[in-house]
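Some structures to go through are shown next.
Below, chain A partners chain B and then partners chain C, in two separate complexes.
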Partner chain A sequence: AAARGCGGVWHQVCQRGAGGPSLAPRGQRAFTCNARGGAVPAGKSGLAPWVPVVGLEIHAQISSNSKLFSGSQVQFAAPPNSLVSFFDASLPGTLPVLNRRCVEAAVMTGLALNCSINKKSLFDRKHYYYADLPAGYQITQQRVPIAVNGSLSYSLCIDNKMSRMVTKTVRIKQIQLEQDSGKSLHDDTRSQTLIDLNRAGVGLMEVVMEPDMRCGEEAAAAVRELQLILQTLGSSQAVMAEGQLRVDANVSVHRPGEPYGVRTEVKNINSIRFLAKAVDYEIQRQIEELENGGTILNETRAFDSKLGCTIPIRDKEGKQDYRFMPEPNLPPLILYNAKSLPANMNHQQVVNIDWIHERLPDLPSVKRAKLVEQYGILPEHSFTLVNEDGLTEFFENVVKQTQMKPSKAIGWILNDLLSYLKQHSLTVKESLVSSFLLADLLNLLEKKEISSTAAKQVLAELWKGEGKTPLEIVKEKKLELIQNQEELEQICQAVIDGQENEVIMMVLE
Partner chain B sequence: QKVTVEVLDHLERLALVDFRDAEGVQRLQEAIQFADQLQEVNTDGVEPMDSVLEDRCLYLREDDVTEGNCTKELLKNAKEKVEEYFVAPPGNIPLPKLEERETFLQGS
Partner chain C sequence: RPQRGLSLQVSAALKEGRVTATELCQRCLSLIRSTKFLNAYITVAEETALKQAEESEKRYRAGQQLGVLDGIPIAVKDNFNTAGIETTCASNMLKGYISPYNATVVQKLLDQGAVLLGKTNLDEFAMGSGSTDGVFGPVRNPWSYSRQYKKKSVPKSHSEDKESNWVITGGSSGGSAAAVSSFTCFAALGSDTGGSTRNPAAHCGVVGLKPTYGLISRHGLIPLVNSMDVPGILTRCVDDAAVVLGSLAGHDPKDSTTIQDDFKPFELPNLTDVRKLSIGIPKEYHAPGLSSEILAVWSKAADLFENAGAKVTEVSLPHTRYSIVCYHVLCTAEVASNMARFDGLEYGHRSDMNKSTESMYAATRREGFNDVVRGRILSGNYFLLKQNYENYFIKAQKVRRLIANDFVKVFGSGVDILLTPTTLSDAVPYMEFIKEDNRTRSTQDDILTQAANMAGLPAINVPAALSERGLPVGLQFIGRSFQEKQLLTVAKWFEKQVKFPMIQLEEVKRHDNDVFQHQKSASFS
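So, the complex of A and B:
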């Protein structure tokens, strides 16, 4: 796999897998993503550059106790078909009843993404047949979704060392509420599929990002920021590994000034890292195909993480006709604000956009700005702090307990502590070195009782988790800085005496 | 304007209906003609109504767990089951192409 650097040229996109399709190795990638956005030239024929176009459809599972239209529980990993109501199983005579919490989650998310919240939105049916969709249709919001026309700002490092960051924006086309489908487990040996409807009917927010992105790195950064926002709001836990955040990428390429090319949809992306890989592979694949005189099919492709490539999903059914129709069992969803609030309405039936807006927590971008202002750290530092779960609190706790300047302490948090955690695959919460211990150590350093090198040694010792305090380790290993002038002279003299020959050679040179 | 065989085939595949005979197609034809009468009304400046419920209040439910836990009952309806999973064929079995299936439309 290639090491990437946004703004740098890199060599190979696809991982060479055994027997997998691979792209021809090239001296230079046919496109690069730079700070100014857009493509930077180097087509193989020296012609005009290619402009990659990337849009995303993101499904975030709403964090709620019960489902979007029924009262069955939302929970990952439960006995199959135990969290399923008659409505979820699409038994006749059942009707959808909208969950208020899901509406609030969508409004919060829309506000956080600078969207216009539609005071009136509608529900529709999207029809297709699949065993994990018992009703034969999904209730979604195709005509008038709950939120439209927002934006998301995200940042990218434009070199590998994270020392220069650039901010980009992607437009949010819309956010819609819709049902999740059940889960299919394919049993190829017995040529059958096992269906678990526990997930059927769970509330989703589909966030549609306009094709403003130009490479895998941008897509990954945008999704990461969205993930942080959702987690901060609490509207979704957005853990990709548990299927709470699913991303499909729409990718195409075209020559500048020409119309957009045919796009492909890439599915089966299971992590943010793979998202970047999948998008970049697909861009490269399309460029090569076109430069070799081929054409791009408007198809759906799956990302194979082992081979690092996208492969077409054999689509026997052709283009889908979803026969959208209004959901006849649900009236329009009406939301209110302070002005339009009806006087005598049961407040449990009212979702007040202004009330929700007033109670939005600090978004990641605001948190980062506050950290920079309050502690005098660099923007890049604030990114790492906010990016790592629990790290901001850890840092703030250390700062509270130490005399060392925050702008100096941050180095110990980001370089020493964080690299230890990464090496041992630990989260901040699992850290064997508490903020109290680290603050203690930094105080010794600040009071010049030990050197910086000694502090690193103590930290390595603390990491063993043997329960010793920094001071105990310092005494044990005799790491105290010697302040006494006479003692220092004696030591220097002893060293010189012991190395007489070397000293003579040095003096003669 | 008659409904073409291509559209009828598309509908059979999409909705899994079987038009069965000329009478079935005729009934569809008449239904379309009936609905087309809507085009005769001038609706300029009039907001479309897509639900007779449009003036009703959409009831919002509290986020409480009140249902579920009826695995046994649900599986009673299943023709085949494996350890509390419903069993389905490995994938969708699409309707065969027009030429290959037994449908009255073949003759048209």
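So, the complex of A and C:
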């Protein structure tokens, strides 16, 4: 459920305390994100306001049939240690063999994020001891990653009305391919650790975002946009609740004109909503710490979603030297474009950047622009449509089946349908009111057979899921609009006749 | 009658029914038993070997043999994975470890009907140059028991035990070299990272081929230095090395560093004219510590080529002298990384220490590795530290490039093959060898072989002569990348000229006269 409820444009204001568990000792003295991205905290010292700086490191699990360097299957929630090849268990003598699909996913993602794709990238070993890292090192791309220097545009609302939206850009430093680790399960009562290597060796794309964000809402909006892009590309399923998208936030604060402050790394954030909270909490904590004369330690902190705060943790990797070295078992990864593609090369053996580029699907931003143009809806509405999984399809199906103007129909979808779904924590796909039923209902409204108040009543009935059509409900509840003049006059007459005293009083007044 | 390889002759004998695969296998097994004192084998897979031999015999009877190697008994160094047969690397860490898969090279040999007799002894994780530093004890050089050596080595004093005179095999593939040299198998796999196949081949008087890096799959070879390791081939003659090479070489989808091109197995021509050949004599291989005896054998070989009409020139590989220190950095760095997986969790030795995961790791590694391995891990990690990486690792990589470029230049100048000594001296007695520590010894012993690994070039040891003490002296030929055919052709010509004497193993003869006679006749008929 973590990923739900994040739909729509980010409509919470960049402000602390909004809806979240209140953090008792922390004051309400706030910084807010304004449209220009600056922070406006009211420092009690009267100095220039603090500027928060937020950078993100995002690990997206690549959606592929097999792992990055082995043939084992990739599957969520399989029985422990059932998807482990000899290589994944680091049996001596095994060697990595790069999965072409993972390379293509990274290239697609890099192109979608406006990166330059390195025609030659390298793999490195990063060493540390941990029980769920069987080889004692992770194969990653530390020196020359597959994609660099990109950017991601995202939009967010700057007030609750969803009418003032701003678009911002965060620079993408790099995308690197690397192996996922296994999972450790600590059994404290029996003081043992159980290891599941199913995840060990699954392909990851680490997306490094430059510290261009200023608050939790910006970070959340950027991650949501990235999530949509990955899902559109199919390069990652990017479901945070299943660990397919993991976000670490680097947070610091400083005075304008001064160098960046000491940063902390916030981990263990498992939903986009919590990302916003964790970042804002951490910014506030650092400001208070500094204003009280304290210092910020370069440490790793975890977000506790129950308490709504970040707490220092002992980093599992510690502050250690990773002793990077080139991975000697993998030759440099060479990618080609149409120009450099050797004529005699087996096409199964090469990855052609141009070929992938030509086949990129419409990205969310393009989809939104098309929706605005095609249906004449407001840009902010296009955000909600695209951001909410399945909503665009729902909307388009309704539009196809109704005479109502799309710009009018969208109100019913966004205000009535979506808010109902949200209240009941349902996804669009789980909606009991199908696009067909809603279209039916809107047609009744459009043909003026019912009033809009009646339509709302019908919709409420439809949510019960009793299998009745809107027309049946209208008839059953006698909600039709009366179109016959004579009949209306008779009703009015009957009302007047039955209420003589009241009529007289009204006339007298 | 043209000179043919041993394996071809045995193969013909098998085909004609003069000997059966089972008989051959049994004779080898019996020889292994009678030469047990050599300590060449860690594991003898008697049962599976006999079963494989039986299968082979059936194929021969049906006329459906799989190729030249069908029914040929072979041995494999104990750092190659063999499904169902223990793979120990001569380390406590892997004692009792049974791999679930075969190394690609092992699988290829089995697929061609070869009979796997067992796993041969080595220095722990192939780190050494004597085959003296494994948990199963040192390997003894078969030549220690030869009539040639015994005749010449007189105990210095009466108090000195006759026993202590035995000489080392060199290493780290000493078990494989001893196994081939003592007739217990027809061919053996070794591995070669800095000379580990060529060095023991030289000391044991056998052919030792280190192919070009990337020609043979490393999948299933437990690595020492991934960027230099190559499976090595030990045989009693050059023709056999070509046969085994032909059965192993080529692309392996499981090893991304193997060449993509198909490899075509070749038969070696009998070279009659070497006048078009250009032999380079690298002056830097006249290294400090090179024995005058070896120098004489080397010069004689150069003369041999010259007299036969080949162009023999002195060449220079100026950066070779930095190779020892460069190798030390690169080797230990990769060792530190490769050994990280041995933590006692997934496989291998696990200490009883259970205070914490970290203490378990530490105790497991202390108990599982010997001092040599631990020492290399320690220095490798030091070189990889952030503050040292540029100064050591990067610098060593640059030097490696310079060393490799030296070869490119020499070969570019028209030289076909380089001729060098393989070792500084003949094999030394064990008691003398262990006076110095592993690091010092490896440093000295690898000096002439290592540069070929740095450059990834093919190189071969060919037995050339016996020393004054009656021990083998070998010479090394280094060829161009992927030019194994040319290299082996020249090596074969040389082999034919020098007529290296047959080892006269009296003890073996006593034990198993039959087999010895058979193989003797097979190899020199």
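For the reader, a short list of remarks on this structure follows.
One rule holds for everything that comes next: the second predicted complex is superposed on the first by the 460 of 509 C-alpha atoms of A that agree within 3 Å, B and C clash if a C-alpha of one lies under 4 Å from a C-alpha of the other, contacts with A are read in each partner's own complex, and residues count from 1 in each chain.
Everything below uses one rule, namely that a contact is a pair of C-beta atoms (placed from the backbone, for glycine too) under 8 Å apart; a residue touches a chain by one contact, two chains touch by 3 or more.
Given the structure is predicted, the values throughout are model-derived calculations rather than measurements.
When the two structures are aligned on the shared chain, A:R323 is found in touch with chain B and with chain C. Touch criterion not met for A:T384: it reaches neither chain B nor chain C.
Of the two partner chains placed by the overlay, only chain B lies in contact with A:S82; chain C stays clear of it.
In the superposition on chain A, A:I334 makes contact with chain B only, while chain C stays out of contact range. After overlaying the two complexes on the shared chain, residue contacts for A:S70 are found with chain B alone; chain C is out of touch. Judged by the touch definition given at the top, the superposed model places A:D196 against chain B, while chain C stays out of reach. Counting the residues of chain A touched by each of chain B and chain C gives the higher count for B.
Looking at the shared chain after the overlay, A:A135 reaches chain C, while chain B stays out of its contact range.
Contacts of A:Q348 after superposition on the shared chain: chain B is touched, whereas chain C is not.
In the overlay built on the shared chain, the residue A:T94 is in contact with chain C alone; chain B does not reach it. Note: residues 86, 89, 91, 97-98, 127, 129, 131, 193, 195, 321, 323, 328-331, 349 of chain A belong to the chain B contact set and to the chain C contact set alike, using the contact criterion stated above. Touching chain A in their complex are the following residues of chain B: 10, 14-16, 50-51, 53-71, 74-75, 77, 82-92, 94. Every residue of chain A that touches chain B in the complex is listed here, in rising order: 64-66, 70-73, 79-87, 89, 91, 97-103, 122, 127, 129-131, 184-188, 191-197, 316-317, 321, 323, 326, 328-334, 348-349, 351.
The part of chain A that touches chain C in the complex is made up of residues 86, 89-98, 125, 127, 129, 131, 134-137, 193, 195, 321, 323-325, 328-331, 349.
Across the complex, chain C meets chain A through its residues 80-81, 87, 89, 94, 99-101, 103, 218-223, 225-227, 253-257, 260, 333-334, 336-337, 339-343, 345-347, 357-358, 361, 381, 384-386, 389, 393.
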